[in-house]
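In the two complexes below, chain A is the common chain; its partner is chain B in one and chain C in the other.
Take a look at the complex of A and B:
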């Protein structure tokens, strides 16, 4: 009898103890995660600084300038936040695709075609509709155009199992050329000599936030990322996509319609890219010039990887990237360091993160044995 | 344990395995195996898929290291740390699938692995290749592009390449599996010529007739153990027919570790609850089923399974069992024929709808398709119910209901897991199987298909899995058990169908001499 009485309390004590241990482990895991994310960032800036020194530029001056211009000056932070809108939308699309194991790398064309069609359509529609309706219609049109441009790779992947990395990139070349053709021939603004579409008047664009020049596109981008994060983590649909990505055979075994889900993923991912193009035009540029291709997708891909497909981490990295790229655009003019140096910093960061992860894995393995 | 006699002369073994054990997470692939390989002999390693043959080969060829035990070469202990080391010791391996580069000529394939900074002397290589080939009585064309050759010719070239690298110990891993019967016979003759030159040949196969025809010595593996062997003297004295029978007894007989599991106490056979002959409508009825497949098309399957009945499907692995199970579950299109569940046709329904009607499939590919290894146990338990209430409402995950379900299943099915959030891939093989059983047997199951339900499990988990199968039938479900373990089928089934080359070649009542009859169907004697 007495044993039976003692047992539960001993159990609960042991349980409490193990609970504490688990919590401690969770805490140290979190600290480690932060160290693993920040360490490489510091190291990347150090390595990039060495390259700057080799180029004859003072790295302290360079980075101070970038932080001042991209983050601390009012016009800089406004430009940074405005730029984040389209980038976040592209990132949202990439998260959906990558989590489902689909490598949609055709985002540049999906973005550009969305942008071009919206740029051509919006000025026409303003004659017939109130501005708010024009904005809603054109945002939807942008998303649909992006999604349509992924239809061929989606069908090829779903029906024939053709590798989408190749097909989306090929469709990207075609799409970028097609958007140039559209701008130069069909949607040309007759009023200017520069080959570009008609410019949307500022009052017909996406509303600005408060009294600043920040476009509300950044809000749409933030909402998109958070919704994607929630859907992937907490809904049946997101779980199905993750299963297709983690183990396609298990998805078939469990009775999921892998081909329908695949086409759905392409549509969502490319739809976000098209929407991103629409937001870039409606919130920022107001028109599309011929030969314009910011190639956002291929710069966002590594960021999404750095964030390990996590929505919040993606927001952080996109913010960092925007600060660097806005700042470096000013630095290019002032200090003679080319714009592309942002990409060098980011690439070094990506490589260092990969190395950190490899070392971490080795350390964990050696601890286990 | 061993029936092998010492070789007639005092020949020393070229390679010896001493109590080799190889463990993988959740599975013991090789369990304390000791085998001697002698020069001048074709030594056949015979066993079903999963018996541990490939693991043994991978250790001999330096791809993997044993967990315990040692390998002796020429009488001295010699760890084979890498494939390079294996080659240096004279151990050459020819795998089932060609290891030649299809776009290169044979000469260039031979030169692979040579020093990269030297221009290969193609003519010298070609001459040497032709000489080597001639010495073993085959012809090769060194300048031929590999992909233009038949599989049999490619294999000959691989053997020649192995000899050119100084192999004196040649492992042919399932070498006849991909060959036409004629090419397989040629390979058999080639093996005889090789051993006549004093080489040791290890020939791995699961085909009995080849083992008896070409082997000097046969070791039978089963569930990772060596369950018996026949030496040259016994093979000679028995003659092909008696030897075949003896091997069948070893491969499927009850003298292995299975005896411990077989529930002798409650009789070797289940009492009949509701036999097929009671006149009640069958729960699952399969009519003239045909399934397309590149390697083993399935056709002419006719089966009726009543409530509470267990029908076993016996056969050597790879005779259409997997194709049949997948077609029944809906993972593979049915080409022709009908499947009725409770009188309703289901052959055109998708997987999910079949499950809703009560058809369940416990796959043998537990990690490959049964679970998503990186996902938690709790989600894997609901893998086939995603989006269904009460676990999801309006598509939103209900963490509480999912956790409750997981805790209940973990308790009911005794799934040993640190936590319901533990990734399923971290569990042992036996516990992953329990997870699958929990998922498939709960709810309103009507008919359950078990594919190799105890494959790769340890004794306790084997017993637990078999108990679940019996309980499912006792609960009035129609049960199909596909297994390559004859003992298992005899222990569980009411009737046993034998599959061979995609067809059911016979169905026997599970009575006293079922084992004998099944053996005959399997070896094709009664076909």
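Take a look at the complex of A and C:
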């Protein structure tokens, strides 16, 4: 009986070789991912530059100004980082929902209602408890309010299969009006003529970081998105959600309780939006004015897609977007390029992203055959 | 009740029609797209493009008719991008729809800013076309039968669509493109062709709705003036489940709620507009919760058609 004896060193050489191949493939995959993400961004800036030229604005001067105002000046970077907090939380909620195949497009109302209730509650609570407790309580309340506002769409989707795009948008219109009613009638600050809630004093707000004006909300946002990234990528719960998102029927066959998971996803996603509203009030604005609606949700959707639902890439894109929006707000005043230009840039980005995705898919298919 | 005077009721009804016609056109347009399997989230953008182009053309040419043509053209322009990207190339309809809405919001606001800076020129009052015997009925007459011709055309379109969907070859082809595109394809009809035409027509209808808001409703163009009307159109189309008459009913209900706001304010009742603006949405959510119907939408809705793919 002869046993084929292998040379152990050859074996380990082969292993090392295959290891190198795997690593190379991983590296090239990573590079491809980065190229697929950065490609549309660079192309979008180029197209946007052409539009700027058509408007008679020097694109180099415009983008230099934006980078200077949004990134390089001390007050600019502070404003940029502060704005990132609420945006990151909305992005975290969208990642959870989209990964699970649920189109929660009602984020604006979830955000606003969270903001309004927190703005009304926080100044009252400060009379009864220490500031740190007020902050914790109101953050939780904001998240719960946001989650509650998604309950009806969640139940309708889970129990009756009613399309959530419609129901979340309906609840969004409803909620935006409701938050205006709340501000104008119930939570009105009697001390001012402007219809708005009472203003939370600066010392009762979320602490600022170091000696800057940066709100610590950005830390909450960063933690949230990293937790979401970890949970979606590494845990059983995240895997379940991804299965539901990839194929709900297969998920049923795999024994997953799709309706319970659906309701859970709505609650988490909307809870993040509500928390985002709470942080915008507690960290930045201190009150809510009537008819205030930053309408962040639809502008964050493209960023999350661009990042391919990856948490780290989302952080990078939210940062870029914050620089762009802070810078362009200043550019609107100084360079005469209206703020609306950011919307156009986002639209171009979204379309180019779609086209890149399509080209990538075609390339992969042709490689397979 | 001093509120229920003839003048108040007339203003209420007339306002309901003025607010409802854009919703009707948006709903009919969305319904057409959805029938062929294209979930058109971009109609808010098409509507805004229609409002802007409609206003601009009407203002430059002093012709209401050309204004409406321009509005339909503006909507079609945005729809052409959608047809190209989503029907031809099969890109994600929701992502592109959001992109087109954001882009149209930004582009129209920017163009308006460069053309008019912060001024908002106003169009002249639009001539109405009374329908002789009916226009003399109290309340109903002035509100319904003494209106610009575009109102009658929009209402007539409901009947036209109902007929086309039920009785014609085209209606069946449209339905098939949304329910079983592969079957339509194998019977020798181009699915992509039908869907492209449907999306373009949607753009024209929705653009017309936007132009109506600018030319008849407001008389001016203001950035972001469609203010969610396109999204309400999507809701109407989904609730109507392919029936044009239901779109009309829904548009009338939403229109009445929107009109009640202004009518009550004119009558001196002090209710924040937001309270009444919530009514139609609350009503629809209530209906959905009570009836809890299964969404009855074309089975291929939202999916790009790729020949031979499973």
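The rule is simple: the second predicted complex is superposed on the first by the 352 of 369 C-alpha atoms of A that agree within 3 Å, B and C clash if a C-alpha of one lies under 4 Å from a C-alpha of the other, contacts with A are read in each partner's own complex, and residues count from 1 in each chain.
In this text, a residue touches a chain if its C-beta (ideal position, glycine included) is under 8 Å from a C-beta of that chain, and two chains touch if they have at least 3 such contacts.
Every value quoted in this text rests on a predicted model; they were computed, and no experiment measured them.
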{"item": "Clash-or-fit label for the pair chain B, chain C on chain A", "value": "clash"}
{"item": "First, second, both or neither for A:69, with chain B first and chain C second", "value": "neither"}
{"item": "Broader residue contact with chain A after superposition on the shared chain, chain B or chain C", "value": "C"}
{"item": "Which superposed partner A:99 touches (first chain B, second chain C, both, neither)", "value": "neither"}
{"item": "Partner chain in contact with A:55 - chain B first, chain C second, else both or neither", "value": "second"}
{"item": "First, second, both or neither for A:358, with chain B first and chain C second", "value": "second"}
{"item": "Chain B to chain A touching residues, read off their complex", "value": "330-331, 350-352, 355, 361, 363, 365, 368-375, 379, 383-384, 386-387, 392, 395-397"}
{"item": "For the chain A and chain C complex, residues of the former touching the latter", "value": "55, 103, 152, 156, 159-163, 165-167, 169-171, 173-174, 177-178, 180-181, 184-185, 298-299, 301-302, 305, 338, 340-348, 350-351, 353-355, 357-358"}
{"item": "In the complex, chain C residues that touch chain A", "value": "39, 41, 81, 85, 89-92, 94-96, 98-107, 109-110, 113-114, 223, 228, 231-232, 234-235, 238, 272, 274-275, 277-278, 281-282, 284-285, 288-289, 292-295, 297"}
{"item": "Of all residues in chain A, those that touch chain B in their complex", "value": "234-237, 239-240, 242-243, 246-247, 249-250, 252-257"}
